Every structure is written in C-alpha cells, then in structure tokens.
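Quick heads-up: structures coming right below.
Consider the two complexes below, in which subunit A is the common component and subunit B and subunit C are the respective partners.
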Partner chain A sequence: MTAYAAFARSGFLTSLAYRNEVWANIFGKLVQVFARVAIWLAVYAGTMSVDGIGIKDMITYALLGGVVMGATRHDRIVRQVGTALKTGDVAVWLLKPVHYPLYMLAVEAGMSAYTFLLAVVPTIIIVALVYGMLPPASPFHAAMFVAFCGLSFIIHFLVAAIFGVLAFWLMTIFSLDWLLGSLVTLLSGLLVPFWFFPEPFGAIASHQPLAWLVYYPSAVWLGQLDIGMTLLYFGIGLAWAALLALALTLLWRRASSRITVQGG
Partner chain B sequence: MTALIEARGVSKRFRQHKRFPGLLGAFKTLVTAEYTEVTAVSDIGFDIAAGEAVGYLGPNGAGKSTMIKMMTGILVPSAGTLSVLGRTPHQQRMANAHEIGVVFGQRSQLWWDLPVIDSFTLHQRIYDIPQARYAENLKRFSTLLDLTPFLDRAVRQLSLGQRMRAEIVMSLLHDPKILFLDEPTIGLDVVAKDAVRKFLAEINRERGVTIILTTHDLQDIETICPRLIMVDQAKLIFDGELHRLRAALGSARRLTLEFVTDPGPLALTTATLTADEGLRKHYLLEREDVSLVQILGEVGSDRGLKDVALHEPDIEEVIRTFYQRRNAAATVAP
Partner chain C sequence: MLHRLGVLALLVRMFVKSQMEYRGAFWLDRVAQILSYGAVLLTIWILLNKFQLLGGWNWPELALLFSFQLLAYSLGASMSFTQLNTLEDLVRMGTLDALLTKPINTWAYLIFSGLNIGYAGHIILAIPVLVWALMAAEVQWSVGSTLFFVGSLLSATMVTGAIITMIGGTALIWVRSNHLFAIFFGFWELTRYPLNIFPTGLQVVMLTIVPLAYISTVPVAVLLGKPVPLLGDFAASVTLLAGPVLVLVAIAHWRYALSRYQGAGG
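Right after this comes the complex of A and B.
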C-alpha cells in the first residue's frame, strides 16, 4: 500500500515540475467557467427562472461542474494507458510487483489533487466572488457532495482507462480521446444539466455512468435530491463503479495476456 | 548444485497479421485473416548456475530480447519449459519480480519528470526495501558508478550514459539474485561503456549476482562474461567459454613464414600452404592442437627461416567469418 501512496505523491510532484502549467491551467479554467456562466446568463436574460430552476442555481451548477470535473484529465489517462500498451512500454510495468491500473489510479489521484488545489480552487473563488454562488442545501448535502466528488473521480478514471485499453485493439489513441471528450461533455451534464434534456433523453442520460461525473454531485449540492434519493443514487453510482472496475480488469487482463502471448 | 535458470527446448513463435502492400493491399488487409508465423526462438536449451555471468550474443533479430522477455516472465514460451529460481516465470511473475532485476537499454524504467533520487525512493516502496539496506545499497552503487553529481537532476535532463548508469543502479537496489540486461551499453560512449562493464563485472564477482546480458558488443562479453551463448536465426549455435568459440566455429589461425632465400615449394603436414610468394609463404592452421614449435620443427633449422608471424583471429573476425559463410550458403541454396 505504501507503494501506491508513493505513486500518488510522485504524481503530485511530477505536476509540480511544470510550474508554468499552473498559470496556464488557471487561465484556461477561468475562460471555461466564465463561458459556461455567460451562456446561462444569456439564456436567462430577463427571466428569473426556467422550468423552476433559478439563475442562481444555474450559475452555481456551472461552477460546480468546474469543481468536480476540473481536476481530472481523462485525455491524459487515455493517452498514457493507450501509449503504454501500443508501444509495449507496459512490459516494464509487468516486470514490477505492482498492478498497472492501480498505479495509474494513484498517480492520477496525485495529479488531480495538485490541479484541484492550485488551479480549481483559485478559479472557483474568483468566479464565485464575481457572480455569487449558492451554499450547499444542508450539512448532509455538503458531506454527500464530497463523497460524490470522490465517486466522480473514480468513475471518470475507470471510463478513461477503459478507453485507453480499447486503443490497443480499436483505433488511434487520438480518435478515442476525442470521442470520450465529446461523450463526457454531453453525458456528464457538464454543458447542459439533464433537467433541460427533452424526454426520453433526460431519463436515459440520468441513468448512464457518466451522469455521476457532474450531474449528480451538483444536484446533491443544490439539494435537488432528498436524503433518501441522495443515498439511493450514491448506491447506484457505486454499482456502476464496481461494474466499470470489473470491465477494466477483464479488458486489462486480455490486453496484457495478448502482450505476453503474442508480444503485442 | 542445481541450476538457477533452466531452459529446455524453449521456442517462441509470433503470429503476425499478414499485410498486403499498396492501396488495394491495405483494403485487402482489412478483410483477410491470413497470418504469417515468425519463429523468434527455436528449441533453445541451457542451464545457468548461481553466480555465473553469461553473455547472450547474436545479430539483430536473432531472438535475444525475446529470450530475455521469456526468462523475466513477460512473454509466454510457445513450446518447451523454462524455470527461473524454481518458478515458471510467466505464471509467477509477481513472486519472481522481487528476486530479479531487469534493465532494458532501449526502454527507461525511471520516472521521466522526477529527479533520479525520487525514482529510487519509488523503487524502494515498490519492492519494500528496508531503509537501512536501501541506504547502504544506494550509497555503494552510486559511488561505484559516480551517480552522486546528478542524483537530484530530473531524468529527462540526463545524458544517455548518466541515465543508463541510473537504470542499472535502480535495478540492483532490491538485491536481486539475477540481473537481466538487454543491450545495456547500446549507444553509450567509450568511457560510459567501460564504467558500466567494470561495474557489472564487480557486482557479479563481489555480490555473486548472476548476470545475463544480451549485446552486439563483444567487448561487453570479454569484460563481464566468462560464458557465452550465441544465437543466430532463432537457434543456439554456441554455448561455452569465450575462448573456445574460435574452435567451435572452425576459424583457423594463419601463419606467415619469411625466409632469407626462397626454399622453393614447401609443403607441411601440420599446416596447409595457401599462398606462396617465394620468400614469404602463408599457411592455414586448421588443427587446434598443432603448436608453433611442432611447425618450426617440421620446417627445420636449415632452410634460412628469418621470421614467423602467427595470426590469431579475434572473436569479431571469427563471428564475421561465420556469418559470411552462412550468408554465402544461403545464397547458393535454392
């Protein structure tokens, strides 16, 4: 276990090695969040509420999207896992008494923690000061929001890692990375919350795993789910995470046995 | 004593999706499921005892890396049995990992963006090395390979020679019983090569670490490995001490005799005359057991012999001759 803690620490330190990225990151995130807020301000121009959702809720939603999704970079995971498999560099990892997917998870946790502290938090503070942000609906919702953020990170990682492993068989890493990017933007609720989706797309979207990336954590913060529903959806999210972890394990085993039997 | 590594009839065949050339061929490749089989290692067997240093030599594509990968457990043999430290490597890869060290000349195991020392501490965590042992090994190896000046530098800023030295030190930190090196001196300058060779020879001698290294470079083998395994076109062609390679591959010594006056055609039973320049005559010594004294005895003291030059082919020449002969045979055969 100490090895994985050390990996997380090394992920954090690796990020620290590229100090200029901190500023580029903060600037990039500011632009993104401002853009999302600006879209909602335009949509709400003149009206105080659409379908029962107020403008304050929407600004908060736009900011929360940045909080939960801002730190994890699925493109990095897809690229690293995909490249390691395609070039055979993963052989180096098969030689160590370490599980590569867990190693990746630990490193990504360290890197995300770094981005979260040094880019996401400052960005959110700046934007919140400019536009104002609603507090969590209750202490329970605040606590559950933190738990949902952890779950969001895990599911985000698992989906990205699965895409990375698929690159081994399917196509170029670039196209898979691009595909995942579009899927995440649309299906996580980052751009548009599902309550604005026409039915049946809203219902479908709120039951697929990517919904746990942004939509549910934000809905919990805003208090749109009561205590029972919050726990229920947390449970469903955990089940999705378990299913994805199983899929990743199976795919990973197939890919690494392809490498060991056929030499890649 | 039992062997540390035991290979019996080990083979490795790769199946490659057949590709057709050209634009039409590219489409054909999409729909066909034809495979070509490539044999990288064919029926190879050997025993390696604890404390040995073995050089695994062969030209590009002879199956050297494939064999190393099978011994470390990241490739599964197609046929034959392989046992390393009493285990089947690919089935007990994790258990094996703690007792072997591996260095790939062309693939870095260090963390690119981190200082060298951070890679080492990560390695310590991965292998659960006790702090005292780790500190002692680090100090000793860093001194021997002169790593101290750049331990704090990020790996991406190192020269190839510095990086390679760091790779080797890292692979030894957990006190492996066997060290596998796949072309450890590739691309290094003369000084770096020399440092690496001396270090490996010392580690083998002092700590009794068994070393198996693949290389194209004969100097590596001459400095580090008393024993040589030579492969060519997937097959084992020689296994034994380096100095016996010449005899095994049938390269003969050459002898030149110089006379004050031309003694005329001079045939010897101990050597074959290959060229006669009158005053200077060239012979080939096909038999290994013939000594210079015997030859000189046969020539006798009354023929005006002025000078004698015995030419021992060096290993490189022996191997070159071998490959040339093989290629010639291949072109003659249909």
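Right after this comes the complex of A and C.
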C-alpha cells in the first residue's frame, strides 16, 4: 500500500516539474468554462427559468463541470496505458510486485490532486466571483457532492483505462482516445445536462456510467435530487464502478497473459 | 525551381504512402474523429432543439458556423499542426540540426514531409454539413457573396496555419512550446459559437491577440448579414485581409525564431 502512496506522491511531484504545461492546460480550460457560462447566458437570453431550471443553476452547473472534469484527463490515461502495451514497456511492470492498473490509478490520483488543488480550485473561484455561484442545496448535498466527485474520478479512470487496454487488441491508441472523447462530450453531461435532452434520450443518458462524471455530481450540488434519490443514484454509481473494475480486471488479465514483447 | 517542387511532391507522396500502409487503422482513426466532431454537433443540436436561438443564431446558421470552422481548421492544420507539434521534440533531441543542413528550406521540408492527410475525416464531415447548412440558412447568393465565401475560407485557412506555425516555431527559441497549443485549443473551441455571446474582453482578444474569430464567426456572420461586434462594417474587409497579413507575420516570426535557434539536444 505504501508503494502506491509513493506513486501518487511521485505523480503529484511530476506535475510540479511540468508547471507550465499544467497552467497552460488550466488556462485553456478556464477559457472553456467562461465560454460555457456565456453559452447559457445567451440561450436563456434574459429568461429567468426554463423547465424549472434557473439561469443561476446553469451558471453553477457550468462551473461545477469545470471542477469535476478539470483535473483528470482521460486522454492522458488512454495514451499511457495504450503506449505501455504497444511498446512493450508494460513488461517491466509485469516483473514488479505491483499491479499495473493500480499503479496507474495512484499516479493519476497524484497528478489530479495537484491540478485540482493548485489550479482548478483557484480558477473556479475567479469565475465564481465574476458570475456568481449558488451554494450547495444543503449540508447533506454538499457532503454528497464530495462523495460523488470521488466516484466521478474512479469511473473516469476506469473507463479511460479500459479504453487504454483495448489498444492491446485494436493496436490504435489514437482512435480509442478520440472515441472516448466523443462519448464524454455527449454522455457525461459536461456541455448539456440531461434534463434538457429530448426524451427518451435524457432517461437513457442519465443511466449510463459516464453520467456520473459530471451530471450527477453537479445535479446533487444543485439539489435536483432529493435525499433518497441522491443515495439511490450513489448506489447505482458504485455498482457501475464495480462492474467497470471487474471489466478492467478481466481485460487486463487477458491482455497481460497473452502479451508477447519483441525486442527490448 | 521546378526541381524543388518535384522534391516537395516526392516528400508528400512518400508520407502518404507511409500513412496508408495500415489502411484499416487509418480509416478507423478517421471514423473516430468523425464521431467525435459529430458528438459536438449533436450537443449543439440538442441545445438548439430546446432553446431555438443562441445569441440570435438558429440551428442551420450554427451548423454553417460549425462546418465552416471545421473545414478552415482542417485545411490550415493539415499544413501545420502535426508537423509543428513535433518540432519541440526535434529541437530537444537535436534532430533539427540535421534538417538545417539539408539543401532545402527547413519549413518546406518539415511541412511537406508530414502533410497530414489524416484531416480527411474532418473534411468528410464538414463538407456535407456545410452544403446542407448553406441551403438551409438561406444565404443571399450573388457574385459578391460567392467570391467572399471562397476568399474568406482561404483567408481562414491561412489564419489557422499562420497561428499554429507561430506557436510551433516558438519551440526554436523556448525549446518547449506545446503547452501553448493547450491555450490555442481553449480559444479554438469558442470559435464554434457566435462571437457576440462572449464578454467584450474575450471578443477583443479573439479579434487581436488570438485572432481565431477570423476562422469562423466573423466570415460566417458577414455571409449571413449579421452584425459583427467591434468591427461593424469593416468586418468583411478585415476578415479577407487577416489571412494574408498573418501569413506575412508568421514568415517573419519563423525567420526570427530560426535566427535565434541555438540547439538544445546533442
């Protein structure tokens, strides 16, 4: 366990070494958060509320999207796992007494923690000061928001790692990375929350695993789900995470038992 | 001169051949990109299906904006992005030194030996959407507007290529410049939406320091007869001039950067 803590720490410190890259990334994302707020202000065009959702709710939703998606980068995970499998670098990790996916999770947690603490939080505070942000609906919702953020990180990691491992069979990291990108755009709720989707697509979208990336954490903060529903959907999210972890474990076992590394 | 052009054509042929070696993987990558941009277009449709207007623009007008941006970007980036994205590595590893000794213009060698045909996916998606949107958005066609459409698309392509070249070329001075691409793409995503929805400060930045407004929102607004913030009646001429002017700036910047290059690897 201490080994994984050390990996997480090294991930944190690696980010510290590449500060420029992290800051440029955050600046790019900050511009996007500003843009999403501008888009909601434009479509509401002075209307205070649409389908019971106020403009303040939507500004807060856009900011929260930046919080939960600002730190973790699925493209980084897909590329790292995919490249390790494709180049054979993974062989080195198979020799060590660590589980490669857990090692990746630890490193990613360290890197995300750095970005989250030193870049995401300050930038969101800036945007919140400019546009105003609603507080959590209640202390219960605030606490559950934190729990949902943790779940969002885990599901984000698991889905990205599964896509990375698929590179073992498909031999193309590029298309897997882009494919996951398109799914996240549409199905995480980052750009448009599912309550604005035409039915039945809204209902379908809100039950697939990527919905826990942005949609549920933000909906919980805003109090769109009552206490019972919040707990129920947290449970469903946990079930999805367990299922994805199982899928990753099985895929990883198949890939690592069949891997043949040529050269070195 | 003819001989040089022949060399460039050969470089392009060789690169295309190497790209098409794994034909299946090549087209799988293109399908993934089409799906990815298609997902963005779909979210814009979902938004407009609910709200009808975004900053005074309806769905066909936004589809026109999206496809114009995608086409101009892919044409400009095929001549610059992947090639200059790797320049940082060439500088760091010292590989660039070998290119500098070749009896051919370094920029021309870099660009044509890596002319990215991978943007085929963008173009396959952009053209049908553009054709549909041009019909649905009720553009008032005349000889003038047709010439403006072609001219502004060319100018937009030049703007894309020039900005990417300047970012990539900065690696010759700073060694690292790829983090600037993260900022570029942050602004680039905004060009899928009308300029008038953004705060004035952001509008000024996108018309001056990061002049990406000229790759989509300014030319398309002029074509649709919509008001362009800050530029007003000058919008049409500024957008046509932006491309050629930025290309000149990019050439000057490239020459300056190359003169400052000291090598970083060995």
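Here, the second predicted complex is superposed on the first by the 257 of 264 C-alpha atoms of A that agree within 3 Å, B and C clash if a C-alpha of one lies under 4 Å from a C-alpha of the other, contacts with A are read in each partner's own complex, and residues count from 1 in each chain.
Keep this in mind: a residue touches a chain if its C-beta (ideal position, glycine included) is under 8 Å from a C-beta of that chain, and two chains touch if they have at least 3 such contacts.
Since we're looking at a predicted model, the values are computed, not measured.
Taken together in the superposed arrangement on subunit A, subunit B and subunit C fit without clashing. Touch criterion met: A:Leu191 reaches subunit C, while subunit B stays clear of it.
When the two structures are aligned on the shared chain, A:Leu13 is found in touch with subunit B, with no touch to subunit C.
Once the two complexes are overlaid on the shared chain, A:Met229 sits clear of subunit B and of subunit C alike. When the two complexes are overlaid on their common chain A, residue A:Thr2 makes contact with subunit B while staying clear of subunit C.
In the superposition on chain A, A:Ala239 makes contact with neither subunit B nor subunit C. In the superposition on chain A, contact of A:Leu170 is made with subunit C only, not with subunit B. When the two complexes are superposed, the chain touching more residues of subunit A, out of subunit B and subunit C, is C. When the two complexes are overlaid on their common chain A, residue A:Val50 makes contact with subunit C while staying clear of subunit B. In the superposed model, A:Ile39 makes contact with subunit C only, not with subunit B. Measuring only between alpha carbons, the smallest separation of subunit B from subunit C in this overlay is 8 Å.
Counting contacts by the rule stated earlier, no residue of subunit A appears in both its interface with subunit B and its interface with subunit C. Subunit A makes touch with subunit B in their complex at residues 2-3, 5-7, 10, 13-14, 17-18, 89, 91-92, 94-98, 259-263.
Of all residues in subunit C, only 25, 28-29, 31-33, 35-40, 42-43, 46-47, 49-51, 53-55, 176, 178-180, 182-187, 189-190, 193-194, 197-199, 202 touch subunit A in the complex they form. Touching subunit A in their complex are the following residues of subunit B: 12, 14-15, 40, 66, 69, 72-76, 90, 93-94, 97-98, 100, 102, 104, 107-109, 111, 113-114, 118, 121-122, 125-128, 154.
The part of subunit A that touches subunit C in the complex is made up of residues 20-21, 23-25, 27-32, 34-35, 38-39, 41-45, 50, 170-172, 174-179, 181-183, 185-186, 191-192, 196-198.
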